[in-house]
Amino acid sequence: MEFSAQQISGILGGQIEGNPDVKISKLSKIEQGEPGSISFLANPLYTQYIYTTTASIVIISKDFVLTAPVTATLIRVDNAGNAFAKLLEMYNQVKLNKSGISPQAYISPKATVGSNIYAGEFAVISDSAQIGNNVKIYPQVYVGENVTVGDNTTLFAGVKIYSDCVIGKDCIIHSGTVIGSDGFRFAPENEEGNRKIPQIGNVIIEDDVEIGANCAIDRATLGSTILRKGVKFDNLIHIAHNVEVGENSYLAACNVVAGSTKIGKNCMFSGQVGIVGHLNIADNTIITAQSGISKSITKKGEVYMGSPAFDANKYRKAYIHFRNLDALAQRVDKLEKQGKG
Amino acid sequence: MEFSAQQISGILGGQIEGNPDVKISKLSKIEQGEPGSISFLANPLYTQYIYTTTASIVIISKDFVLTAPVTATLIRVDNAGNAFAKLLEMYNQVKLNKSGISPQAYISPKATVGSNIYAGEFAVISDSAQIGNNVKIYPQVYVGENVTVGDNTTLFAGVKIYSDCVIGKDCIIHSGTVIGSDGFRFAPENEEGNRKIPQIGNVIIEDDVEIGANCAIDRATLGSTILRKGVKFDNLIHIAHNVEVGENSYLAACNVVAGSTKIGKNCMFSGQVGIVGHLNIADNTIITAQSGISKSITKKGEVYMGSPAFDANKYRKAYIHFRNLDALAQRVDKLEKQGKG
Amino acid sequence: MEFSAQQISGILGGQIEGNPDVKISKLSKIEQGEPGSISFLANPLYTQYIYTTTASIVIISKDFVLTAPVTATLIRVDNAGNAFAKLLEMYNQVKLNKSGISPQAYISPKATVGSNIYAGEFAVISDSAQIGNNVKIYPQVYVGENVTVGDNTTLFAGVKIYSDCVIGKDCIIHSGTVIGSDGFRFAPENEEGNRKIPQIGNVIIEDDVEIGANCAIDRATLGSTILRKGVKFDNLIHIAHNVEVGENSYLAACNVVAGSTKIGKNCMFSGQVGIVGHLNIADNTIITAQSGISKSITKKGEVYMGSPAFDANKYRKAYIHFRNLDALAQRVDKLEKQGKG
């Protein structure tokens, strides 16, 4: 795919400075630009590169004032970052626009499949599964019995979805992620020894959810484990049985949420956060990396840090003293000696 | 599948109050009950729901005294929780009762396969593998060369088992879990640069073990990495080469156990616990979430907390002071000023 | 495979003491040796076992002085550990020496495939992929479009590699690992709600890299996420978009490295370490288990501990005081009372 500055400017509604006929076939960072690539300048810290880049085209803000000559053709737009994001998206759509059902896929005759789907090699769509329109199922995906997958959703290679789970529309699930595995619940008091409590609920993933690679989201014991609309997960996240994650909450890599905890809307958790079971976490809660939440959070919009976590500002203050505990202890030593002197 | 209150009461050995002919086809929580579902009341906190639930049948204790009328048919039993668990198990058994070998599975002619097994699409059973009776191998599972899988074991979709590993009877291994990958051992001192130490041992998983989704259990360098009878693992757990986990120990999500450590019996580790290599952990040890164990634990039945971890009660006490370190430091400031005054 | 002491001694350039015709077919630890196995003695802590082992052959140092009779045939070499490692490697090579393309593998007619490769059942090699010579692709591996895999590399069962990624020569990637999944980047300020930033970069893995099981290595937004030559990863590691890991750095299990961070050469990170995004970590940095790095590290060869981490020795000293905080607080109480007295 090759595009001219003229064509791209047309798509973005921009204005060209330089050669409108120069052509590009890929996208690059401005500091790594090369002939035949298009880049952009939005972050002031990168301003210097506009004068040295060898990218053929650079998207730049309408009101950016050049202080030296540039070799790239410029396309001036209102917001260079947004304009470049639009190009990225177009590029991605073209690249990921797969369709057709591989003869090596297995689709149960008892499954229902929408129009214009992609099903790659060695994918399995089980009995009673219901697959919407424009769904992309990459190779080696497993869609269990009675699973529903909404329109326009993409399941990358090797995703595994256990029976009875429900995936919404416009979702993206990355490779290796497992949805609907059994919750970790046992009844140790049973006279026959530790006995598994059967996990017969499911997982419900609402629309517009993205889940990273190699996550594990357990089904509910009864009822549903739920990820609400717009939830975004990074990689390697564990969600236990009967958890609910509220709308538009973002969980970074290696988060662990124990059973039956309810997380509010618009939360943001950094990497390696752990949350104990049976808690309620208020909307807009922010949790810093590696923190552990052991109590419910009722006030919205607070920031937590530590393990067990408390108010992040207080934690940071306490931690400064922790770093200097040796000095503090010596001061107490000295005071004691003075007292005795 | 539809069952009447009469039939279910017969199975559970209970007594009916209400319409014995009412039918149900699913199981629900009492607070989410709906017509056509059966629920139970065991937790006193949920007592209120017995009067409002729309579940068609509720299992309840023999000695529970109603204080208002109910619409559901009641089945009275000795222990409502156990009775419901029994129903769950029956439901699960019916649901998971898969059998037959898919024509799209690959079973080596050199493998040995028991009776009544299930082998799903695109599963691989390699040369010299030995699969017991009633084993369920879901789609896209990989059973390497010379692997043994005991009777009644279930391997969910996409489990990968490297060569020479041994899986016991009545085990359940969830999707994405990898068993028998190489241990992380290198000989950095070698003149040819960092060199891999070949990992030629195996993993032995004894009977009645359950392993969650996306775990990684490395093979031993020599000898065996061992999970003893009754061990239960949550999701995303890492077990390094030559580790041994004792009987009936429970590890929650995202535990990390480094090489050659031996964990005793009946231990319970919360989420995100890390354990250094070459340690011994006594029987009945409890470790709280996110703790890090850096030394062997010799006394049985203790509770550990912190990173590095020590006695949990002492940790909690120290942590209270940590939260107030700023105040403590100010008190020392004041004492110093008084001393100078 | 059976070998005599004579044959093995010839391979290792050693000297035999005892029966040169005794045969072995497997390798064992000296403390677990059994007839028909070969073992070695290198660690002085295991010296006692030379006199009790039932291994048929033991490799031992040239200058080791026996203080009692032994039953095993000895092979004396300069360095028993290295000699045994050499045997392990030979054993491993024979065992893993798979070749041939399964009729159940899918190889796109548009892919390029080198000589002497192994491609197992239900493996997928997509359009425009380029596979080098002697590459081993185990069952159920997914190699996306336009992926390059260098000579002699092994991809174990179920590895998933997204389009456009580049894997070097002599690499080993273990089961379940995902390479090239989308980075976790969203543009929350967008008027259309939280919007995904397309991730159109790739992952570049240089030569001689080993990656454990169930890792997740995200592709770059633009440009490349890079693992340099000789990098070694344990299991369940998360590497975010645009990260670079320097030559010969070792990351233990469950490390998390956030976006755009650059890690130097020869670093060693213990398990469960987390590193914030956009940092630079100097060469030869050592980080202890469960530590969290929140600032760039500029000085080479330092050891860090804690979350947030600082100098490990200082951390250990502070932590000793933390363990005794209750006592320190009581001492301050006492001083205050004395002041008032």
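Miscellaneous remarks
Lettered A, B and C in written order, each chain numbered from 1.
Basically, a contact is a pair of C-beta atoms (placed from the backbone, for glycine too) under 8 Å apart; a residue touches a chain by one contact, two chains touch by 3 or more.
Computed from a prediction, not measured in an experiment: that's the story for all the values here.
Identification of common neighbours of chain B and chain C yields A. Residues touching across the chain A-chain C interface largely differ between the two copies, under half of the numbers being common to both.
Centre-to-centre spacing of chain A and chain C amounts to 26 Å, using the average Cα coordinate of each chain.
Shared interface positions of chain C, defined as residues touching 2 or more other chains, are 122, 140, 158, 176, 214, 236, 254, 272, 290, 307, 322, 325, 328, 332, 335.
Considering their complex, residues 27-29, 32, 82, 85, 88-89, 91-92, 95, 102, 104, 120-122, 138-140, 156-158, 172, 174-176, 210, 212-214, 230, 232, 234-236, 248, 250, 252-254, 271-272, 289-290, 307, 319, 322-326, 328-329, 332, 335-336, 339 of chain A touch chain C.
By the touch criterion stated above, chain C contacts chain A in their complex at residues 106, 122, 124, 140, 142, 144, 158, 160, 162-163, 176-178, 181-182, 184, 186-187, 190, 193-200, 214-216, 218, 222-223, 236, 238, 240, 254, 256, 258, 272, 274, 276, 290, 292, 294, 307-308, 310, 314, 317-318, 321-322, 325, 328, 331-332, 335, 338.
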